[in-house]
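Below: a set of structures, written as structure tokens.
Consider the two complexes below, in which chain A is the common component and chain B and chain C are the respective partners.
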Partner chain A sequence: MSKPIIMCLDDQREVLSALMKDLEEFVDAFEVIDCESAQEALEELETIEDEDGNVLLFVCDHIMPEKTGVEFLSELREESRFETARKILLTGLATHEDTIDAINRGDINFYISKPWKQDNLLKVIRQQLTHALIDSGQDHTPYMQWLDQETLYKILSKRV
Partner chain B sequence: MERSKLIKLFFALTAFFVVLFLPLESIPINSITLLQQRVLAIFVLAVLLWVWEPIPIFSTSVLIIFLELLMISDKGLFLFRTHSDAETFGQLINYKSIMGTFASPIILLFLGGYFLAMSATKYKLDQNLARVLLRPFGNNPKNVMFGLMVITAIFSMFMSNTATTAMMLAILTPVLAKLDATDLGRKAFVLAIPFAANVGGLGTPIGTPPNAVALKYLTGDIAVSFGGWMLFGVPYMIIMLIFVWFLLLKIYPVASKQLDIQIKGKFLKHWKALTVYVTFALTVVLWLTGKLHGMNSYVVAMLPVTVFSVTGIITVADLKTLSWDVLWLVSGGIALGLAMEKTGLSVNLIESIPFSNFSPYIIIASATVLAVLMATFMSNTATANLLMPIMAALGVSLSSLEPLGGVKMLIIGVAFSSSLAMCLPVSTPPNAMAHATGAIESRDMVKPGMIIGGVGLTLVYGLLFILKKVQFF
Partner chain C sequence: MTSHNSEKSQQWFVKTYFSDEKKMIRLKEGETLLEKDHRNDRLFYLHDGVMIGYDGELDIHGMPAEKLLCEQGGFIGLHSFFSKRAESIFTIVAKNDCLVSYIDRDQPVITEVGATSLAEQFMPLVIERLAYRQEVMCETIRQQEKASAQVQEYQRLATLGQLSAGVAHELNNALAVITRGSEWLSFIGEKLISRRGEREKEYYRLGLEKGHAVSSRDARKQKKLLKEKYSIHERDAHAIATMGLTEIDDDLVEKLSEYIKVWEMGTTLHDLRLASEHCEHVVYSMKTLGAKHESMEDQVRVNDSIRQAYILVENKLRAVKVEMDLQAEGTIRGNRGGLIQIWSNLMKNALEACQEDCSDIPEIKIISQEIDEQIEVAIIDNGPGIPSDLLPKIFQPNVTTKKKGLSFGLGLGLTLVQRLIDEHLGQIEVDSQPGKTIFKVRFPKTGVSDE
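Let's look at the complex of A and B:
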């Protein structure tokens, strides 16, 4: 089986590469894919579905031309694709309306405002990855060093 | 699938087919039948798949059961049922007894344990007990460590070692940060939890799956009751705990003078929680007093299953989170043992190796050391699954073992040994979890782990000797 996938979306090239740089430690165990638009991400997801790939996490900007991050995420939700994947919205200039939308329609699991602190982002990503990996039914043991231990304890202590 | 896994799977299957299609005469086992040859092929496949793990270990069990149904059952594929010579063919096995391994009493005993553990976790009985039990140990770090170990061991007698470790590490890791970063004692604390969980599993028949596998072979005249197991399991566990505690403090001395652990919460008092407390206590009491009421431990295990289902304490959603994979892993082991016994392969195999030339002491030593070595690198349950059928046949056919306790002694010895491997992160899931905390390196585990393995084995021999002296065997 190929590596589980983390997908990052941002229309600004520099922001995207900064994000990819911050996520460098994950590339040994996960495939980190970068997309500059929702359209590109959707095409990428087609391929992933064809190859039976396992998307664990979306890290998504909101304000993008053509399709916003929330629109993209809510589309995935409506089509029930990648249901066990976790969604992080990473955005700067979101209005109050956008934020409400993100929670109600985008079904996001975490909201991080730009500019982000790397420590904080990594912690959130580890937590969300832990949930997603266990929910997707994959064996977590090979990925243990990339997961958030506290979250893992919480989940595993309930698995008698 | 990764390339390396594919290659391993390919080799395992190749070995399976090679054994399957060898001419019968070329197999160096006396008077081997065609059915025995098939079981041998399945056994070889099981060994390779459980050692290399190209597929999840529970799926190997499912594969074993399916192959048995297909190739050696009375309702298998017709090609596997036709034969010209009944003598060299052997006796087909009733398909019901192969399928029945999924619901063997042993499996239901474990299910009862799951229901107890799950309800205790759901209604915070575990957290609250931990809070109350830890209090008397004060705030001297050394005593706190022993307190944590005792609680871990007690819980892992009824919960899975993995869940216990997860729960206790969740309690431990926040306070660990309070210890000085240079304090070696941090390592001692992080190792104490998985080691105590591994050792604690030995306390009851449901403490860890290898015990359950062993129980399968302890039937009839040599049956061991729940309480009977605890009578020797718990004292062994206590001695090991004290030893591990001393050892860890010796290797990684704690410098800090104070450590406070606060566990929040209070005992729930609504009727569902009370039902959990009462049922839990009642089940354990019934398990310990089998002789008084006549119900064996398997029947008693259905009590928590029934009470918690009827009262809605365990819901449909809870039911779906049960570790069915562990139950299936054990079923596969039972099915493998069943096939080896019913076809006569295990006895035939044992008789083809001149074991009687060896001293019985050498046989006990090699069996137990082999168990520890295998369990170091692979699943403890898979180790027991593979070794127990052979040990059962060995114990019965080897008369020189009889004065030492015979098959009962050998089975219990190997069961205990299967849980003594803890020197690597891969040895047990609790070890892996402790390693993932980042507080210890692999090598920090090796030294204490190896000493515990060695001393643990010695204590097993001592235990077997005492059990023989008190005529338990």
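Let's look at the complex of A and C:
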């Protein structure tokens, strides 16, 4: 089975590279895909569908050409295959309305402002990955090393 | 009834009361007809010219405030003649050469319908004139309100400018550390890496100079090919693809991840440089918003500043068709740098606007011409136009049509342009509809170029 996917979107190449660098430790267990626009991401998502890939997490900038991050994320709500996927909005500039919009329409799970701190970003990503992985019904044991133990414990203890 | 109506018409009054050659006065520009608080027993009719009334108050510029404006066909002395005061409430001065007629207080009534007094006969006319004066006054007040709103807006901008300049200064110090630091690291990095070998230096420089040369989309395609061809780790294949390399030497494969690390060092420093350049640009815009351009020269050639601005943005303008028609060879009083900034901002806006909508071939026209004593520069693009709700606000800070926020959407560009144009005593106007947006800038001409 192919690796579960983390998809990152940012229109600024340098920012995207910095993000990819910070996510390097996930590359062994996850496929980390970088996209420079929502359009590119949508195309890539089609390919992923054809290959039966499983996207667990989106890390998405807000202000991008053609389509904003919130617009992109809100479109994903239409598709049932992303129902359990987690969404993180990573943005440098967002007005109050943007933020409200992100929560109401984009259905985001977490909001990180730029510039971010690596340890904070990684913690959030681990937490969200943990949720996504459990919700998707996949066996989480091969991924223990990349998950947030505390979150995992909370989720599992609720189940019992 | 007809005769009564005719008494009401102004022509009848002029003909009947104000056409006696012996009661006509000619005034030269600046001559005084009435003095405030002095006795007046006459009612004047202004045949020709303009007269101004003052009451001794000063306006905000310290000049005598104009309280009454009387044009051809108006009456002067209405108040003192008909009220019991019999003293002029204004000092009335001729603004240009004037011709007036008058009647005296003891003027007998001339009537066709039996009016018993001048007051009775003149009343409809007097009320009409007073109502007109009041209307003019209200209009003046409205204009003053408008002007004071504008002053407030300027003050708000000035405050913002000062604030920006302060912030910019603080950021510049931090930026200097980042810029100088990354430059030093680039330099030292190259020295240290060179010691490890020519190849490493090559990869380092590739990263440093080109950064991520390939788009994420193309890199993904190339990655798959490289991965299969050399059976290397996915991560390494991705890095090689991003470098823009389509093949690698076989002996490299073993130590690949080391070369990639060196390349990544290069790209990181490359990105740092780009990012700090971007910051510098933002800070520079903020600072110029707050700063005044002090050094004004008397003879700045507008066309030269347009050409210089064009050179600055040329590499960005390559994607569009640019037509230049620079006819204005005259000069203006201005600051060269400020002018270049005005043009480059407007050109960049035009460029971004017409690139936004790809239905037409993007096209920008830059026209300069001399109109009377002014130099007019028009910058025209065939972009989608400015939405009509935004149009009245485009010179305010934080208003931007660039929702796409490409790399720069602070909404400071036009605010800055407006400020600079104000400093040059110029005017800017904009006319926008889908497919044609014109920014017109006008400056007072100071001279004719020697050429």
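Just so it is clear, the second predicted complex is superposed on the first by the 157 of 160 C-alpha atoms of A that agree within 3 Å, B and C clash if a C-alpha of one lies under 4 Å from a C-alpha of the other, contacts with A are read in each partner's own complex, and residues count from 1 in each chain.
We take it that contacts are C-beta pairs under 8 Å (C-beta built on N, C-alpha and C of every residue); 3 or more make two chains touch, one makes a residue touch a chain.
Just so we're clear, the structure is a prediction, and the values are computed from it rather than from any experiment.
Q: Putting chain B and chain C on the same copy of chain A, do they fit or clash?
A: fit
Q: With the two complexes superposed on chain A, say which partner A:M64 touches: chain B (first), chain C (second), both, or neither.
A: In the superposed model, A:M64 contacts chain C only, not chain B.
Q: Give one of first, second, both or neither to describe whether A:S157 is in contact with chain B, with chain C, with both, or with none.
A: first
Q: Which partner does A:L122 reach: the first (chain B), the second (chain C), both, or neither?
A: After superposing on A, A:L122 lies clear of both chain B and chain C.
Q: If you stack the two complexes on chain A, which partner ends up touching A:S17: first (chain B), second (chain C), both, or neither?
A: It touches chain C, and chain B stays clear.
Q: Once chain A of both complexes is superposed, is A:Q145 in touch with chain B (first), chain C (second), both, or neither?
A: first
Q: Does the superposition put A:E44 against chain B (first), chain C (second), both, or neither?
A: Touch partner of A:E44: chain C, not chain B.
Q: In the overlay, answer first, second, both or neither for which of chain B and chain C A:V27 touches.
A: A:V27: touches chain C, not chain B.
Q: Applying the document's definition of touching, compare chain B and chain C: which contacts more of chain A?
A: Counted on chain A, the partner with more touching residues turns out to be C.
Q: Name the contact category of A:C35: first (chain B only), second (chain C only), both, or neither.
A: It touches chain C, and chain B stays clear.
Q: What's the minimum Cα gap, in whole angstrom, linking chain B and chain C in the superposed view?
A: Result, nearest C-alpha distance in the overlay: 16 Å.
Q: Of all residues in chain A, which touch chain B in the complex?
A: Where chain A meets chain B, its residues are 1, 139, 141, 144-145, 147, 149-150, 152-160.
Q: Using the touch definition up top, name the residues of chain C that touch chain A in the complex.
A: 211-212, 215-217, 220, 234-235, 264, 267-268, 271, 274-275, 403-407, 409
Q: How about chain A: which of its residues touch chain C in the complex?
A: Those in contact with chain C are residues 11-14, 16-18, 21, 24, 27, 31, 33-36, 40, 43-44, 63-66, 68, 93.
Q: Provide the residue numbers of chain B that touch chain A in the complex, in ascending order.
A: 1-2, 56, 114, 117-118, 121, 159-160, 162-164, 166-167, 169-170, 173, 321-323, 429, 432-433, 435-438
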